[in-house]
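Below are two complexes that have chain A in common, paired first with chain B and then with chain C.
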Partner chain A sequence: MKTSASPVQLTNTSPKRKRMNSFAGNGLYSGFNSRLVIHSLARRVCIAVTLVLLTLMCQPLLAEEESEGKEEKKDKPEIVAIVGGDIHTVTGPVVRKGTILVEDGKIKEIGQSVKVPEEATVIKADGMTVTPGFVAINMSRVGIGTNPSGKEKLGDGLNPFDRNLKYALGVGITSGCVELSAGGRRFGRRAEGAPVEMYPGLEEPVEEFVTEAMMDFGDLNTSLCPCCGLPVLPTEPITSQPPAAPKPRKMAALKMSFGNLDSMLMGEDVFYSVSPGALNGALAKHNFRKNLQLAREAIEAEKKAGSEKKTTSSAKSKAAAAAKGAAEKKLSKEEKAKQAKERAKKLKDAKKKPKPDPNLIKLLKGEIAMLVRANTVNEINDMVDLSMEQGYDLVIQGGIEAWVLADKLGAAGVGVIYTPRSRRRARKGREDETGSFVESPRIFQEKGIPFSLATLSSSISMNGLAGRDLTSLPLEAAFAVRGGADERTALKAITITPARMLGLDDRIGSLEEGKDADILILNGSPLDYRTYVEQAIVAGKVAYDRQKDKVYPLHEHQ
Partner chain B sequence: MKSTTNKLAALIVIAITSVAISDLAQAQTVAYTGATIETMGEDGRIENATMVVSDGKIREVGTDIEIPDDARLVSMAGKTIMPGIVDPYHVYKSTAPNNVRTVVFRGRTFTIPGGGPFSAGPFIRVGEYFDPFNLNFNPAKRTGITTANLVTDGRGLSAFANLTEEATAEMLFAKNGLMFAKVTNQTSALDVVRKPLEPPKKKTSKKKATTTDDKEKKLSPAEEIKKLWEDVQKGESRLFVNVNNEAAVAYLLQFVEKKEKIKLVLVATGPNLYQSLDQIKKNENVTVVLQPGIDRVPFSADLMNVSQLLAEQEIPFCISMSLSKSQLSASQDDPMFPVAMLVKTGLDRDLALKSITIKPAELLGLEKTHGSLEKEKHANFLVFDGDPLKTGSLLQQVFLNGNKIHEN
Partner chain C sequence: MIPNHLKTILTAVLLYLFAATPVSAEDTDIKKVDAESTGVAVHVGKIFTCAGDPIADGTILIKDGKIEAVGTRKEIEVPQGYEVVDHSDQFAMPGLVEAHSHVGGSGDLNEMVYQTNPELRNWDQIIPHNDQLKVAIAGGVTTICYIPGSGTNMGGFGVLMKSGPGKPEDVIIRAPGVLKIAQAGNPERRGGETGSGRMGMNYVIRQQLMEGKYYVRQYDAFLKGKAKEPEFNLRLENFKPLFHREIPVVVHTQQYQVIQSTVRMLHDEMNLKVVIDHGTFDAYKIGRELAKRDIPVMAGPRAFQLDRERGQIVGIVNEYEKRGVKVLGVNTDAPVIPQEELFFQATMAVRFGWSEERAIRGVTIEAAKALMIDDRVGSLEPGKDADIVISTGSILDPRNYVKEVFIDGKSVYDTAKDRRRF
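Let's turn to the complex of A and B:
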């Protein structure tokens, strides 16, 4: 219903944009849809309320009795019931005074007439607002001990007891996209890439030494300047070496499940994230296109192999094997040796052939989107054109001047990660088409551009940057409302939209049956600066409790 | 006047006896009489008791015992005798891998942080690596430690040692002790423990050989180490893991969760353990080794007694007096002070004393010879001039196998 009515679909010729449309889906025409829903709902709700009122009245009594008997049974699934709050499901309607039933970390049921089983742990949320946990699209230094490099795996470097998790949970962030290489030194960062002779005699190089500049420019025949250590770019005509794919920055989706290591890591390489330099200029673009071509060929080869497998029946393969056996008997020793040589040569060739970047394959398949920082009109235009030409999903980070190109972005289904409080001065004489614009959120919403919100600084900071760091994410959503977006869209911009961008909208971002139970209990509107998160439930467990954790003040506003 | 003469007399007596004991203890039977003895065994605390020692072994302990005719009597009136402290995890030397390495890349030399391909460090067999020269066990002896499970900062196989008066190669009485490793929340560090304990996929013995010290032995070292790990896997031998942060505790518990046979000894500080107490309790095969003392609740001004919390949760634990090196060298006058603090803030007195004597002995498999003052056990004991856990009580003498190794 959502995407078929959207004009975005009509203008979009690329078949690989299914995911983007899904996160563009709540753009232009979603307003009509929701109004229709409300009509039919109103009638239903009327009937439901009368029915539910009776059950609601005896529920508190039931609940108390139930919680006593819960300790005896341990093998049964863990059931939590959040009762009595106004539930903002984000993708659906608001359920007033509803109940959410959580079983083993997943949402089982939402509604006003949900029956709470005896063994459930009941969390009362009367008078509270219940929303899905917020998704921070741009985080760093949260939940990770040391940034993994080389052979160190991210899955082994997490810290479920990181204090920053509590600060994030305290403002409602229950999951997010963490950039792993953020804050690294500019010089001497290690990454995987072309083999470098580092440990002569060792079987395989353990780590490669690649500077950031090399990450950006790929494996050109660079050498390091003896004075400053930066790579010296070749000035001679480039030989037709197989171009290396640009090094994507590592991004991972983490759940802020404090104290629970098992559910922390949601996904690695959730974006194909490159620095703008990697795609800047004719040379870099040429390299990128060639690498995309490689990836495309790999996908096609995979498809072919898949279809061939289907056609060869077992009878056929048996016959072939028999024929092969007979043929081999006939072969003389010399011929056998020849064959072996050929095989070895083939293997060698296969080794020589540049391998496609698995991340690029994912990008072309539409499993992940490209994330690239672009702020000026030129940068954005450039990136959008490239994505249209090559047919992959694009998310623009920054997008300060994206409002100028809103029509184009909307038509292309490009997502924007926007910070309503970021500012850029307009150029003299071109005030109408440069610089930041306070009404950008309104324009994005009108043109159907899916946007999610990011804070000015991506880490949690307790010293001197108050109001800029990650803990001001809901505040940023409030600024989006000030910029003309409606509250629904603003809430989406910190929940379901970033979840869609991450490709995790089947797990997080809204309150729906079957999704992860990442639920906030707030003592007011999620966009009000006076609102505190009372409890944050992550993967079905209370990971943050305002009264116990004492991260934020305990006084109540009048 | 009178008091000074008394003092002089006492001093002379002490001086004479101490000389006599050090010279003759081994040969002669000695009966220590009139002492309060914390046996740490079935008899518990015995007032006005006598302990007969000969050939470095305890022959009798009790109130109503026959003292052999040839025994020399030493009066311990007003003093308290308790077993020598058994240290379950004594880091005696650092072999931690160098965290900075030099790399030559296209003609330039770089120094970069982070370990190289051998960042896990070599496998150290303390029994063979042990070098008695330039080792100083004096702070440990002054604290009352008589027996220690010697480990290093890295990983390997520990050795059990008697802390004799002089450090010699003979002080190791069991060269093959238990497996130990230090772990943090990084792949390379975690793999030190995980890889050898995972069910084998393919033959990895070749790779292991490169990571171990190249020692010449008839049985290949790699195979021997493999066997040691197999013992751990079967639960026949304990594995000591020193975890250096709270996340590593979580990772290790997650790893052991599915491996029910492995007997894990978690060596960690109180705050690092605090957040994972529930998880530790779930696994019955986990024992905790921690340092004595009061800790801060993480990110709070509140104080806590983690030993007491462990006792409440019925998690088996031992206390290592040497885990905090600063504490070890600072506690010269009243070495039992941190333990006394634990008792003062709620830990059961008997449990506190057991957790530094008989419990670590059990952990190391030495409970038949060490850890308590009972018949036929080694005569390792400490003499205090009062209740060991009372402020102001001095540790006066430390005996190892009947020999005095330290006197205050």
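Let's turn to the complex of A and C:
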């Protein structure tokens, strides 16, 4: 994955860029730096107040939980030692009966002969399997409390007490990517499934499940009438629509630190995520290329400005600046007025000129990858070609027919987010080049295509259908093994590979010194269907305990 | 579902229009090969017979589509001339039996005019070895109970059939196979007539069954020479095997209260062979009553219930097990859950606390018992149909996959030759 190579992460972008990002797509404030700063200050104060209020609110709860365990003094480093388990580091070898030492939420040491300090809280893991927390590349809105409106960021809507966090932690998901779609997609084609019968008196709406194959109308892009369920034929547009700039969906990487808002947000806009429709067709492509060109120009300008600054920041520039100041003093009032006018005009011109999308700038710089849903050979081919032409990293979501293009994807370094159980019926007589193929995971692995695994449905559902929602993530990895991937690769596909796609592999996805202490203690092999998470440690703290939380049935198999 | 309906209707219509008989050339070829074959011996690493303990290093002998012998490799002598299939590093088990499926043919399984439709039967519309069944075989499913939908209180009579290729008469195990009754929920009439509530729905079911019961009673009396022959009534004909307890009624029923009425009306009053065919939500709480009456439960497609008081997920099948329900299995309600994922329903039941041994039985012999076809399928015993699934390990583990499937002694799916379908 190319993204993994880029060392620039969300976390270490300059404060300036951060500010710019936080106002991505905000036309109102762009160009008014002073107001921007004031606004962001006010905003920070607001956030701070909210945080204080929240922590105040949470304190009784937190206190209750902490009273069960040992409470350490704040000034001393918090040390946790997980002792005795077989440690699957994912990026390195398995450490049998090893110890992981955690200090202040980070992994300090892993090994068989690690010395455990006296003050450490010891978690015994004898006979257990220890792995990094799983990373869900797509987890819908888990952890989102309120829907942030248009200009707010996802981070403003987090709910660290979302019950869904427990269900996710209970299967080992300790971080993942949430997404707010720009709307729509409620009705229409859904890859997952057919309508389950509705029962009156049932509180929650029943989620729909249909296999893709059953919904397949070929290339006819149609939706279903929400009333009668019949396909609605696409209507002919009366006038052609002007191409709209693609609106990337809001995405953020979250840590499932239940009850702890501080460590929850890992990054926003982790992908440049657009719907395939936004890049489909000549007009849309033209528009997208134009937007990319703007972004490219902005990058060039930034580079230029950067190099100019370098030359002026030398010792000589001080003298030059002094001379300039002296000259300025000499200027007459008339000249000053003239200059002011020019400046005003420049500002006006700048306002007229279309602004580059800051997310596109990040995309071109290789800081983030494009995420786009593409399932058919044509869709995938189109997106890969565009990414190669424009030179950005690409992650294909869906990729049902990606196995057909495996050579090309492997050579282009394109990543795939794949669901082994997703289905698309092949065209009769063309089974070797259309439709889903159960051995796709094997092919991806052989061709060196980095793939992450996603579940059939990305949300957490209590409708009673088991093993199809987000909580089936490790089971979906088992299905990848069924499809011919080896266990190591399948485990990577729910740990380090998604972490790399998110550009967060310096923090999550494997057990390495210096990384976040997101650690699972499992009562069996990670991809075994009988395995349960006994404890999930998030940022060095026990965020889930099977025996205490009682979210899943309690029983012993072995 | 709808597009699938359209598609399958279309296929059915096309078949009807263009084919004098819905028998394709490939099917007749298979028949020829079958006539020539003598017998097959399959060597397997481990056999789950579902009729006793698993056998390590076993051999299964197949003759004329039936199982001739099952045992350890040492015990069984392979007769001369038998074709030997070597799967000695694989697992074998009986073909899986689905208790609730809607993918055996055209999907138009709801006639919505009358509230009760005992006159309807769906074995005229089956499509043997259709695309969905082909994948189902790759998931180990060899027998399905293909039934009408739950749009009305009595959807009609369903059929028990194999998933393999052949003419309808080759694949049908029993027709009529089962009666489908639906209580509450789906069959609710929304137009305001009788049947918009549970009282009305129970009335129309009871009324229809009573009509059938008297018809059958009169017929039985006629056979004994005690009454004159009742006037022939096609609407009520299929009630004969039902009231003779030769076929069961599979009931779309769930929730504690609804199952209560199922038990009272269909089992206690009508003396029918009843199969609880969803049994989901909080229905497991009535498990002891079901166990007392030996009523089978084929739970699904929902596999868990959120206990809102405790905030804990409860595995439905395991709750029935705890309450002593003996004939216990799972279903997919395909296409709600894809037909090929029947094993996965059992997988999830085990994840939620059921035992592995019971889960394997639950998708084979117990389902066969519930459907009253355990004399033919559901276990690997001499004399039974040679429906055998060869997999790379326990079928419950999604990491393993099905390598070869025999139906009636014929290899219908073989990953050594065929492209893998699941």
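As a working rule, the second predicted complex is superposed on the first by the 391 of 558 C-alpha atoms of A that agree within 3 Å, B and C clash if a C-alpha of one lies under 4 Å from a C-alpha of the other, contacts with A are read in each partner's own complex, and residues count from 1 in each chain.
What we mean here is this: contacts are C-beta pairs under 8 Å (C-beta built on N, C-alpha and C of every residue); 3 or more make two chains touch, one makes a residue touch a chain.
Computed from a prediction, not measured in an experiment: that's the story for all the values here.
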Quiz item: Where does A:R424 make contact in the superposed view: on chain B (first), on chain C (second), on both, or on neither?
Solution: neither
Practice problem: Kindly classify A:S149 by the partners it touches after superposition: chain B alone (first), chain C alone (second), both, or neither? | Solution: first
Quiz item: Of the partners chain B and chain C, which touch A:K285 in the superposed model: first, second, both, neither?
Solution: neither
Quiz prompt | Larger contact residue set on chain A - chain B or chain C | solution = C
Exercise. Mind working out whether A:N159 is in touch with chain B, chain C, both or neither, as first, second, both or neither?
Key: first
Self-check item: Partner chain in contact with A:K97 - chain B first, chain C second, else both or neither
Solution: neither
Quiz item: Does the superposition put A:K541 against chain B (first), chain C (second), both, or neither?
Solution: neither
Exercise. With the two complexes superposed on chain A, say which partner A:K106 touches: chain B (first), chain C (second), both, or neither.
Key: neither
Self-check item: Overlapping contact positions on chain A, where the chain C interface meets the chain B interface
Solution: 163, 196, 198-199, 202, 209, 224, 229
Quiz prompt | Interface residues, chain C side, partner chain A - complex | solution = 1-4, 131, 150, 184-186, 188, 254-255, 280-281, 301-306, 310-316, 318, 335-338, 341, 344-345, 347-348, 350-353, 396-401, 419-422
Quiz item: Residues of chain A touching chain C in their complex?
Solution: 163, 193-202, 209-211, 213-217, 224, 229-231, 421, 423, 425, 431-432, 438-439, 462-468, 475, 478-479, 481-482, 487, 527-530, 550-553, 555, 557
Exercise. Can you check the complex and tell me which residues of chain B touch chain A?
Key: 103-106, 108, 110, 112, 114, 116-117, 184-188, 190, 245-247, 250-251, 254, 275, 298-299
Quiz prompt | Complex contacts: residues of chain A adjacent to chain B | solution = 145-146, 148-153, 155-163, 166, 188, 190, 196, 198-199, 202, 206, 209, 223-224, 226, 229, 259, 261-262
